[in-house]
Amino acid sequence: MIGLLDTLLVLALLTTVGLYVFGANRFAGYIGMAAYAAMTVIVVLVGQTLSGGETAVPSAMAFTVLGYPMTWRIDGLGWFFALLTTGAGFFAAWYMSGEWNEAQPNKRIQHGTLALNVLAMLLLVSSGDFLSLFIGWEIVSWAAFAMMTQLGGPAATAALRYLLYALAGAMALFAGILIVRSATGSFAFEDFAAAVPNLPTATKWVLFVLFTAGFGVKMAIVPFHLWQAPAYSFTPGASSSFLNAVSARMGLFALTLVLIKLMGPALLAGMDIAYTWFDARSALLWLTAITMIVPTYIALMQTDARMLLAWHGIGQGGYMLLGILVGTPLGLAGGLLHTFNYATYQMALMLAVFAVVHRTKTADLDELGGLITRMPFTYITLLMGIIGLAGLPPMNGFVSKWMIYKSLLNTAQPLLLIAAFIGTLGTILSVYKLIHNIFLGQLRLEHREVKEAPLSMLLPMLTLAGIGFVTGWMPGLALSMVDIAQSALGIGLQPHHLGGVDLPNGSLNMLWVVGVLIAAIGVGALIFYFLGNRRWEVSQYDNYAGGHFLSADVRYHFSHEFYPGLARVIGPWYRGWVVKMERGLQTLVAVLGDLSGGVFRFAHTPFYLLVAVSLGLLWVGLFGKI
Amino acid sequence: MTSGANTLVLPIVLPLLGAFLLPLVARFGDGLARALGIVLVVVNIFLGWTLWSAVGTEAAVTALGGFEAPLGIVLYGDRLAALFVAVLAVGALIFWPRAEHGGVKAYTLTLLLVAGGSGLVLSGDLFNIFVFYEIVAVASYGLAASSGDKAGFGAALRYLVLGALGSSLVLIGIGLVYAAAGTLNLADIARLAPEKLSGTTGLAAFLLLVLGFGVKAELFPVNTWVPEVYAAAPMRVTAILAGVVSKLAMVVILRLLVLVFHDPAAISLLMAVAIVTIVAGEFAAYRASDLNRTFAYSSIAQLGLVALALTIPATAGILAAIAVALHHAVVKPAFFVIAAKWRGPLAGLAGGARVAPAAAGLFVLLALSIIGIPPLPGFWAKLVLLGGAFDAGGAYAFAAAVVLAATVVEAAYLFRVVARIWQPAAGAKPAHFAFSDLSPALLLGVILIVATLFVAPIGTALSGAAASAADAGSYVARVLPGRM
Amino acid sequence: MTVETGTPATIVDTIQHEIPGIKVTKQGERRLRIDVARDSLPALLELLKGRLGFIHLSAISCVDWPETDEFELVYHVWSYERKTLASAHITIPRNPGRFVSVYDIHTPAGFYERDIHEMFGVVFVGAPNLRPFILTSWGGPPPMLKSFNTREYVNQTYEWVDYQPDWLKDVEAKGGGVEK
Amino acid sequence: MTGSEKVPVVTDQPETCRVADAEEKSLLRKVMDNFADHCRSRSLFVLHYCTGCGAIELPPTITSRFDMERVGVSPMVTPRQADLLLITGYLSVKTLKRVILSYEQMQAPKYVVGFGSCTINGGMYWNSYATVKRLDQYIPVDSYIAGCMPRPEAIQQVFLDLMAKIDAGKATAWQDYYLNYDAYLGRQMNLFGQDWHTPTDVVAEAKHYGYVGNGTTGEHTALLDQRATWSLDTVPELYPARGRNERSRP
Amino acid sequence: MLELFADLVLMPLIAFLFGLVLVLMARRVRAKIERRVGPPVLQPIYDIVKLYAKKTQISHGLMHDVSIMMLLGGFITAEIFLPVPGLDGLAAEGDLVTLVYIMMVPMLGLALGVGSCANPNGSIGISRALTSMLAYDVPFVVVIAGALIHYGSSNLIDVVRIQQEGGVSTWGVTTMPLLAFAGLIAMHGMLGKEPFELYIAPAEIATGPMVEMSGKYMGALFVMQCFQFYTVGVLYVTMFLGGGEMWLTFLPKVAAVIFISVAITNVFGRYKTEDVIRWMWRWPTAIGLVGLAFVMLKVN
């Protein structure tokens, strides 16, 4: 019987071709939804086989070219990311199935590229050895490029910038896998895992740097993070939310696979940097700490809603990597769970923002305000999303962040805990700015007749927010999925129950925490309704303005530069070193280009010929004898 | 083995004969001359194919005029030679000059080119290689000037002067070898080389030969003619020159490296030259102003890649060299076909996708393959090249790092153009492609896709050819039986 | 032209020399009253400001003379260097009630003229903005005119508490109380 | 009801039973109301809104010299949070508009205390065209303090009297604003012009909380209803005729 | 279960009542410093009952009401996770980190409610409140990190038990003086008292978030103030002053902690927003980090 993995890949291929061909007609969205739903079902079946004791589900697909064998199989880790991919694809297609799609210029390309991305990611996560990993990696980065460059103009430049970063990363990765091959004789994971402990430290360091850099570009770890925000923001709605939710996490999959599963955190910890307390693992940990803080405070300063959320995507990536690199089962479970949680609330947030853009034609936070009365359900989605993004109790974001903090506490790393907490504070500030500038405050004159987003857009958003809430209340559901992934990594599982995690020195039971919170809010509601007279709702113009009469032609609203005090304190800290480094690199290439172009135009070839001959003979005469 | 021997000389003789007969036939009608030329080229392809299939691991050797090895001129036809004879003929066929490109004169020169090229690859005698190198050079000067305008003549003249100087260097080199080894037969030289050509004379000879052949093989110091000639020459000539002819010079260098020069200093010299060629080619392409120049510099870089592959020890190097050379022979001419219509500054290309979607799609496919994106063949060529480099370690690893960095720059300037093509047209739209203009490029595109699907069998075949080419011992034994 | 310092006397000489038909009287150690023809007022202010340092226009007051059917406009200008206040008096006829604005010489004049316009109805040609800003919802005639009967308006618009306490009745009985 | 018709003389409230409080239903309600009045009287938030010259009397009353916090009086910043509105001195026509806006933004039960003779019958500005003579024509006033400007002891005394009235549940002047809103509105319109309006929808509020008397709606409130939504009619591009909040009479 | 149900009801009730006492103490201390008599004993109750007994209750939309519910609900939940002598409630189910995050839920609820009031004074107030939260939370997290690593467990019941084992000598304040001091400053900032009271700021932004709150909304904020005093006080006592063995010693400790910050507050003016940030990120953070260094030396 044809294996599960093969059916999955074939189905993904058929969806890609089918959606590209039938992308234009009205039911393309529904076809996509059905296809991605089927894929998700298959992935769940794979999950069952895996949880039933199988280490991996093999695929019949295998080639050997020029003596290099390539195999494909999906293990627990790959399965977890495959589930995220097909899930995100399903919600993106659902969002595209309704009214939102009619307004889009190039429906076929959007549907086609979304399906192509899902196919590419499934290929990547089911790679069996380094060569298929590299091939999958390349196809994923090119599929993402195709998706980003649809709208042309700023999108095209952002996509080109992404492409150069991705290619540089891919070349580093290419060098990495070739060094692996020359060091261990083959591309297989098992051989590398066996051989790596006794490799010379120099090759170990080279491999570590190359793999971290190669995968780090896609994960947008700090030095390589400049491309992600504009590239993800200028992509059209549903695809942008798909990219935000899942695309950057492919980097995390690969990093986890190589650094944790194959090399192992102990080995990384062993690779000390001379004359410092740091070793490979702690150096990377501090890089993720910076990745948590710097992008979050850049997000704080954004005035475009999509850019703000995209910058947060980079910050949240730092949390996941932090959890995974801590190395304890609790930290690993926290990191992987955060990947799942992040996918749910980030997609809900992006879909909500694009619903607002769909209705008000702008994502600029200074042009919006007071939409809560016009778009209440979008408001609810955004509210649940930001509670998740900020990591506050009722939502799932809190559970994974708590596990990461607890693992940091148990391994006695206070400074990292402080860095993570500073990142969370920055997130809380910027998400409040997001929801305040769009939904709260005075409604603008031109938005008086704005209607609520259509049902076809609301349902996916609310379902995602619902998933976030349910997995927040009962994290056990998500943790069981994380177990399958963690079992493949060989670090050991983190025992958990439906409500959360029980540890000797401080446990978390979300059933009680969220249960009591909801009950307490119920008590608050009772107090509100029974103690005190009935409420009387007044218009936004019946407001205290120091005795001044408010009227619609004067905008009585505070949203521009929302944190002036903070901006004055941390404003000077934004020196944009990384931006300067990037521009420096560009000018270096341009100068080299001018130089070599000049050489070709400087003189005619015979002159060079004579110079070359004379120098060559001189060289031969002097050095040839040795 | 002997039956195959005398067919060895046919790929050289038939086109040569055709070249001389063509002006006479042209009297009876231009179309007839063109048909005859095409027939001869097809025959050459067939001969190449028969040689490839006839020759297993054991190469076919013919002593011209019956004179035995060390004294007589010998033709050595192994799989490598057969491959390049076939590739040269196919290239000539696809880019056979049109009637308006100088008619009979162009046909004769192309046939001359094919003859010289085949001879260059097949001959086992050093001086014989020089003779065929001169024939190829002369033919390419003529073809380069065939565009008929002032720029074409100027470029061709400068190319002639440079070619002459290059050939003279080769001659001096051969003289040195002859003085030291006393013989001109490659197998014989190979046998005597360890003690005769080990010192500075060997090194000097190597330097001169490499620089001489480097002119045609577009190695660094001597390739400044490339952008000028490729821009001035007509598209079909540029395609043949860039695609195939420059590879032939590389084959000669390959033969020399395998058989004669094993001195590590020589190898490091060639690697240095190769690296500089790649870097110069890629960065110059980054600043090139129009499409044609970009591809000219890009072909320089790719040739540098082949040279780098040659320096890699053992069969891995040879296989990588052949793979990259073949891939470049397929991709670059197609690029030049597109560049022929899309002239002028890069900014003017905006809106190209709407005007000529086929050309734009082909451009992306070719760009993807030349950068080395799986599953396209470009990737496997790079994989073999870099795999060999990293295996060799040390300086080769540094060279591989340079190649990887150069690839990113290559992607930058290629996809800058792709992004431009897909943007809506600002001012004037770029030219539209008629099917006849684009047909050679589409054919090459199809070849590329076919190669992608059958990359495994092609890989094994090429590695077999590389193994036999790299085996100096069997070459000497084959040519000089019993005279080890 | 250097600005002469010195006692009011020297100021009087320069003014009389410059502007014909002007009457300057010293009203005190530091006060000057200048009666000048209506048309030469802007010139006078320009002279005072430019040559004699009277840079501060502290007020423009308007007096309603119903008998001669005229408005009297008084421009109070102060000089910090000389520590002297000069008050230029001019008269303009009531019925057209129009006069040129001195906003371009002294910017504070903008508000004073707006106030006088609101209270007396004098129209200053060239004033930047003469919209009402004190009596914003006032419909009646300019209230400061003597012709405006405040008492009658107040009686007509407002009501008082009709407060008849016993002690007030006794006082009125004795002939005192509030005059009607 | 033209402006010139005589208004009944303000005499002390007759000892009749309290005005029917809309919610008075059961014994429990009465106990609750008593307790609520008890607390209301002991916790007065004063809107320290200096409308005239008398505001300077407030600081000594509230700070250490007389310390009204002993009896639960503390100053508040916005009308929303205040129970007691102090009109400290003469009221020009412009200031009265802001006072009415603040009064309507306050939450019932709300109390107004007029300081000094200017609020009683115009004080020394009795014959000025610009000042308001009787405050209780425009907003219901709980109590006045005579004097030109009363001293803190007098203010303390009025606070204590007011607290006693609240405790007894008799400080219901604020209901009069709801029950006779049309009369108040008419008098306000006489002064401010026909297009006078405030952002608070007093009639709807009265209906919502059940304080609708026969005087709540009438010809003047009808004028209010002619406008579509007042907040938008001041936007020039939507309603060119109006365009500005403060408009002088045509 | 009954005992748990009793905890669920009793703990918030005690929190509220003792919170009223703390608010009364705060107002009395303020009065005494200003040489005034100060409010009567039941004044906080009078205020709250009067506000709830208001006849008209003005709301600015459903979110305004939900925020009041979130406000009360959040603090009631926080109370339940705070162990007090005799009543452990659900302290075992969630640890200190959970509690810190639960204390942010009411803050977010209030922020959303004030936002929906559509008054810029409120929005500026909330922007300042969040900025001050960012300011005081940095030293606060340094203190938490240090304390939890020192105690080796983040479960509050364990924290209290560890402190009570050796009597006063093992109290947090004796074993980690610097962290205790930094914690006190952070707590002062958390209470939003005078030098850091930049989000009420009556003179500048008309009491910031409370500008459109009236009637039962304002009443809920007064109740929140009681809960806030109690929660912050108990949290500090639990972390550094040995938690509660018995009520007689526990409540005075909480009152003492609150008294310190209340006493300080009345003699200070209000800092500007950036000065609050700079001050909080300089002194208390530095002291906290030094304390943390000592803790880390002891741990490994």
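A, B, C, D and E label the chains in the order they appear, each numbered from 1.
One rule holds in what follows: contacts are C-beta pairs under 8 Å (C-beta built on N, C-alpha and C of every residue); 3 or more make two chains touch, one makes a residue touch a chain.
Remember, predicted model here, so these are calculated numbers, not experimental data.
Dropping chain A from the picture separates the other chains, by touching, into B | C, D, E. Identification of common neighbours of chain C and chain D yields an empty set.
Most remote from chain A, judged by the distance between CA-atom centroids, is C.
Contact count check for A-B and A-D (C-beta pairs in contact): higher for A-B. Here the CA centre of chain C is 62 Å from the CA centre of chain E. Rounded to whole angstrom, the centroid-to-centroid distance between chain B and chain C, based on C-alpha atoms, equals 102 Å. Between the CA-based centres of chain A and chain C the separation comes to 74 Å, rounded to the whole angstrom. For chain E, the set of residues that touch two or more other chains comprises 53-58, 206, 211-212, 215. The set of chain A residues that touch two or more partner chains comprises 533-534, 536, 538, 542-544. In chain C, no position touches at least two other chains.
Annotation, chain-chain contacts: A-B, A-D, A-E, C-D, D-E (touch as defined at the top).
Across the interface of their complex, chain D is touched by residues 445, 533-534, 536, 538-539, 541-544, 547, 549-553 of chain A. The residues of chain E lying in touch with chain D in their complex are 27, 31, 34-40, 42-43, 45-47, 49-50, 53-58, 202, 206-207, 210-215, 218.
Interface residues of chain A, counted against chain B in their complex, comprise 63-68, 134-135, 138-139, 142, 149, 152-153, 156-157, 159-160, 163-164, 167-168, 171-172, 174-175, 178-179, 181-182, 589-590, 592-597, 599-601, 603-606, 608-609, 611-613, 616-617, 619-621, 623-626.
Partner chain E is touched in their complex by these residues of chain A: 370, 372-373, 376, 379, 383, 387, 390-394, 398, 402, 405-406, 409, 412, 414, 417-418, 421-422, 425-426, 428-429, 432-433, 435-436, 439-443, 499, 504-509, 512-513, 516-525, 527-528, 531-538, 540, 542-546, 556-559, 562-566, 568-569. Of all residues in chain D, only 35-36, 39-40, 42-43, 63-64, 67, 69-72, 74, 77-78, 80-81, 83, 107-109, 205, 209 touch chain E in the complex they form.
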